[in-house]
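By letter and in written order, the chains are A, B and C; residue numbering begins at 1 in each of them.
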Amino acid sequence: MDTLIAVGSVGVLGVLLGVIIGVVAKAFAVEVDERIEQVEEMLPGANCGGCGFAGCADFAKGVVGERATPAQCPVCSTEDVLKISEYLGIAAEEKEKKVALVRCSGDIPNTVRSLYNGVRDCRSAVLVAGGAKGCDYGCLGFGSCAEACPFGAIEMRDGLAIVHKDLCVGCENCVAACPKSLIVMVPAAATTHVYCNSPEKGAVKRKVCKTACIACRKCVKASGEEDYMEIDGFLIRSNYENPPGPDLVEAAECPTTALRVDAEHVKGAYGGEA
Amino acid sequence: MSEETPTIQLPDPAKLVVSNSPHMRDKPTIDRIMFTVVLAMAPACIAALLFFGLAALKVLVISTVSCVLAEEAWNKMMKRAPTWKDGSAILSGILLGMNFNAGAPWWICVIGGFLAMILGKQLYGGLGYNPFNPVLVARVGLLIGFPGIMTTWDKPELGTLLIDGVTAATPLGLAPGETVLQDMMLGNVGGCLGETSALALLIGGAILIWKKLIKWEVPLAFIGTVFIITGAMHLVNPELYHSPFVHVLSGGLLLGAFFMATDMVTSPMTHKGAWFFGLGCGLITSLIRLFGSYPEGVSFAILFMNALTPLIDRGTIRKPFGYVAPAKGEA
Amino acid sequence: MSDKPRKFKGGVHPNDSKALSAQKPIKEAPLLDSYKVIMHQNIGAPPDLVVKKGDAVKKGSLLAKAGGFVSVPLHSPTSGTVKLIDKVPGPTGISVPCIEITADGEDEWGSPFEPIADWTATDPAELRQRVWDAGVVGMGGAAFPSHVKLSPPEDKPVDMLILNGAECEPYLTADHRLMLEQAEEVVIGGSILARILGLDGCVIGVESNKPDAIEMLKKAAAGTSVRVQDLPVNYPQGAEKQLIYAITGREVPVGALPMDIGCVVQNVASAAAVYDAVVKGLPSIERITTVTGKPLVDPGNWKFRIGTPISKALELAGGITEQPAKLLLGGPMMGIAQSSLDVTTMKNTSGILLIAQDEVSQYTSEPCIRCGRCVDCCPMQILPATISQAVENHRFDWAEKLNVMACIECGSCSYSCPSHRPLNQQFKRAKVEIRAGLRKKG
């Protein structure tokens, strides 16, 4: 008998509460623009924050509320942007895909480093002797960028951050994480880059790094009439308005291998000259 | 080869380490701290051996070994480096052994070891991350799982090698008036290995306080609170309630107050927090002992306060040197 | 006469190892072939260069003039010719520009100013100007321009001048020897500083582990209104806030300056430099530095001119007997680890220290066992262990709420940590991030 009462009362209570919840849900329902939900579904859902909004749901709200354009999502492919624009009936913007580039080729075998003992992350290491590296401008190799990357696109290899272009969506989280401001966003279409960031004189750079750009201008000369390369003090950069192709690397015969094709750089095909 | 070096030798810059200051450090390390605590346990261990003979030795050794093995097995499984050298597992093992009856079967020690190390410590991430005292987790787990074994106490016999298996009640289980304070002080009473000799525990506690390994506020507040509350109740009705001295000297109170409640990982970090912690432990222990259905409440009290430790820590954030209230301090 | 000093809460007692060099009299370092004077030696704005390549300069000639109010001029350590170098290894590990003076061997004086004959009758403003012109900075470590501290704004009256002779850092004995051998100069320097501030006298705070220095100072101060105060031995007794508390009982509010509570603290070496500037008319181009450490053959105290490479200093100390683990500028608690022997001494280089392999602190990230040792020893009474957790979780907002900004980076917490956690570095990081966050907010 006792059991029956117990079961009965709990049952009744359950039904009662269920009814209350149902009524409340109906009565106090919040009007939601269903477009927001739809747009959110079309977004990649990475919640990387690369757009400047607090995650994809917030961004979707922004897009529907016309505070943002679909192209601002760094992760969306061109098709995604088209799809969302079509759904909302707005004009699709052209979107050029950008990827991160770590402008350093100084891995452990090729650079001078002092022994370091302390917190293993770049932003802390930089507070001690500027990161215990001979070069004041290069990759510290503790992987703060790799940690910041929500897509696992940055690999730490031999104390050097290497971007896997196919995985990088261009959210720019790594750009903010690097204490040396080493990482820049470049068009994904560009394949050939100068992997050096040091504005020092060539002789100074060579003392601490075997693969630094020494501004010998061989690559500039190899470009011939084309302005593939830009000179910036003692540092040469690819001109991303008119980026060089992989063939320039061979033509230039960069003596330090600072000029590299990204696919080969990822494979580890280059080494410093002994 | 005695080489004369006429030239002055200078350091090799490539071998110089750079790191943040400070560049010196104090001597204590984790293992040193742990082994000092083990040393502080020695008087109580010796007392246990004196009263319970080889049986006590067996229990202590099995508990310690199973704690270490449990931890190492876990480390192996998780692919972590061995950690037994830091001494924390050994310390837990000895403390766990002190919680058993001398006649406890071997398998209960082994289960206890696994409960303490895996359930009490490693599941949370290992040393430093466990919210509850691992030994007490094991003790309470066993108390609930095997109440018979965990509340049967062998009668101690000074200088014995093999105890004869006659059981005795813990003083708290006796009626008021049947207890002998002198026996309790020395340890000639029924109870687990660690709660027999109050004197040995006091010596150990003194070592810990002297070495500054525990905050003296915890045992003082703990024992003081129990003394005052049980004393008040004793004055109200001496027929029903034990004298405060019995309460203080019996059960796991001294063991708990000096060795369990003061566990660094699970007790508050500030001295102010330590007062609250000890007070809470004392209060709950007294309530359970006086009004609860268990004769013993120390373990539950400490576990409960362990859970409150983050809260106490948050509540006792001290003001820095030269603190100014944010309103006018923002210049 | 001597009030009982107050004891600040916390602190640690590291093995001071001062015996290595405490009994070694100050020696004048021999003239070198060249000096590499690092341009930016003070906190604040870098000075503006006034010489160019190939210029001939005399010892004491102006090399660079102050680049603002919080900036001091730089003078040549010897006579010779100027060479400009953009990059030499700096003490913080980042390459810095420097002025190299190739010595001509004459070492001829060319001080830009005359001695002030009777400083007791000179206008305080003129004395202050002299301190500035001579390029005197806080020689205890921070290298904060001295004249700035001597110019309190009108709404902040100063009633207390303290000379910091605590020298609480282990190993260092430079200030100790200075107070012992040049007690009178320190006392007169202090009196000049007091006059600039419009005060009657000052208090020299010295840790009681230097009884001989205290005695000499007391002798030198007899008959003046300078008082010598012995202080309990407790690191960081020489930290500005702790020193003020010990002597006056006043607490410098978090985020405020000693000036806000009417105090000015100057290092004893700075006081001696002020004496040189005023009474002798010499700019600040040299300082006493302790070269010490167990791996050294002959530790001692030397008077180095600014721009002396560490390698030369180590040679003077007889070189090493074993490879040290670390080379530091400054003491073991707050010194900066170096990875190059080409770094040169500056106005605030109080020590060049070699740390042996067996006494070095190796940081690991063993878990915090919440032992509370750091909490007990923190002289600023913050909670290092808790803040460390916040930083590890990248919660700089928590760290800020837990008053990490009050941290003076004395290193007591890391020193006492049995898990060898890099607490100090974490706090430094937190402070940098919080300041960056504040800047972003505007």
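One rule holds in what follows: contacts are C-beta pairs under 8 Å (C-beta built on N, C-alpha and C of every residue); 3 or more make two chains touch, one makes a residue touch a chain.
These figures come from a predicted structure and were not determined experimentally.
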| request: Specify the chain with the shortest distance from its C-alpha centroid to the centroid of every protein C-alpha atom present. | output: C
| said: Quick check: more C-beta contact pairs at A-C or at B-C? | reply: B-C
| query | What is the distance, in whole Å, between the centres of chain A and chain B, each centre taken as the mean of its C-alpha atoms? | reply | 50
| request: Would you kindly tell me how far, in whole Å, the mean C-alpha position of chain C lies from that of chain B? | output: 46
| message | Two-or-more-chain contact residues of chain A, please, as numbers and ranges. | response | 114-115, 117-119, 127-129, 132
| Residue list for chain C, restricted to those that touch at least two other chains | 93, 336-339, 363, 422, 425, 428
| Residues of chain B touching at least two other chains | 13, 15-20
| query | Mind pulling up the chain B residues that touch chain A in the complex? | reply | 13-20
| note | Per the touch rule above, chain A residues touching chain C in the complex are 114-115, 117-120, 123-124, 127-132, 136, 200, 204
| query | Of all residues in chain C, which touch chain A in the complex? | reply | 87, 92-95, 336-339, 362-363, 365, 422, 425-426, 428-429, 432-433
| Hey, which residues of chain C end up touching chain B in the complex? | 8-9, 12, 14-15, 93, 170, 241, 245, 251-256, 295, 297, 311, 314-315, 318-321, 323-328, 330, 332-341, 354-355, 359-361, 363, 366-373, 375, 379-383, 385-386, 402-403, 406, 409, 411-412, 414-420, 422, 424-425, 428
| note | Residue set of chain B touching chain C in the complex reads 8-13, 15-26, 28-30, 32-33, 86, 125-129, 213, 215, 264-267, 269-270, 313, 317-324, 329-331
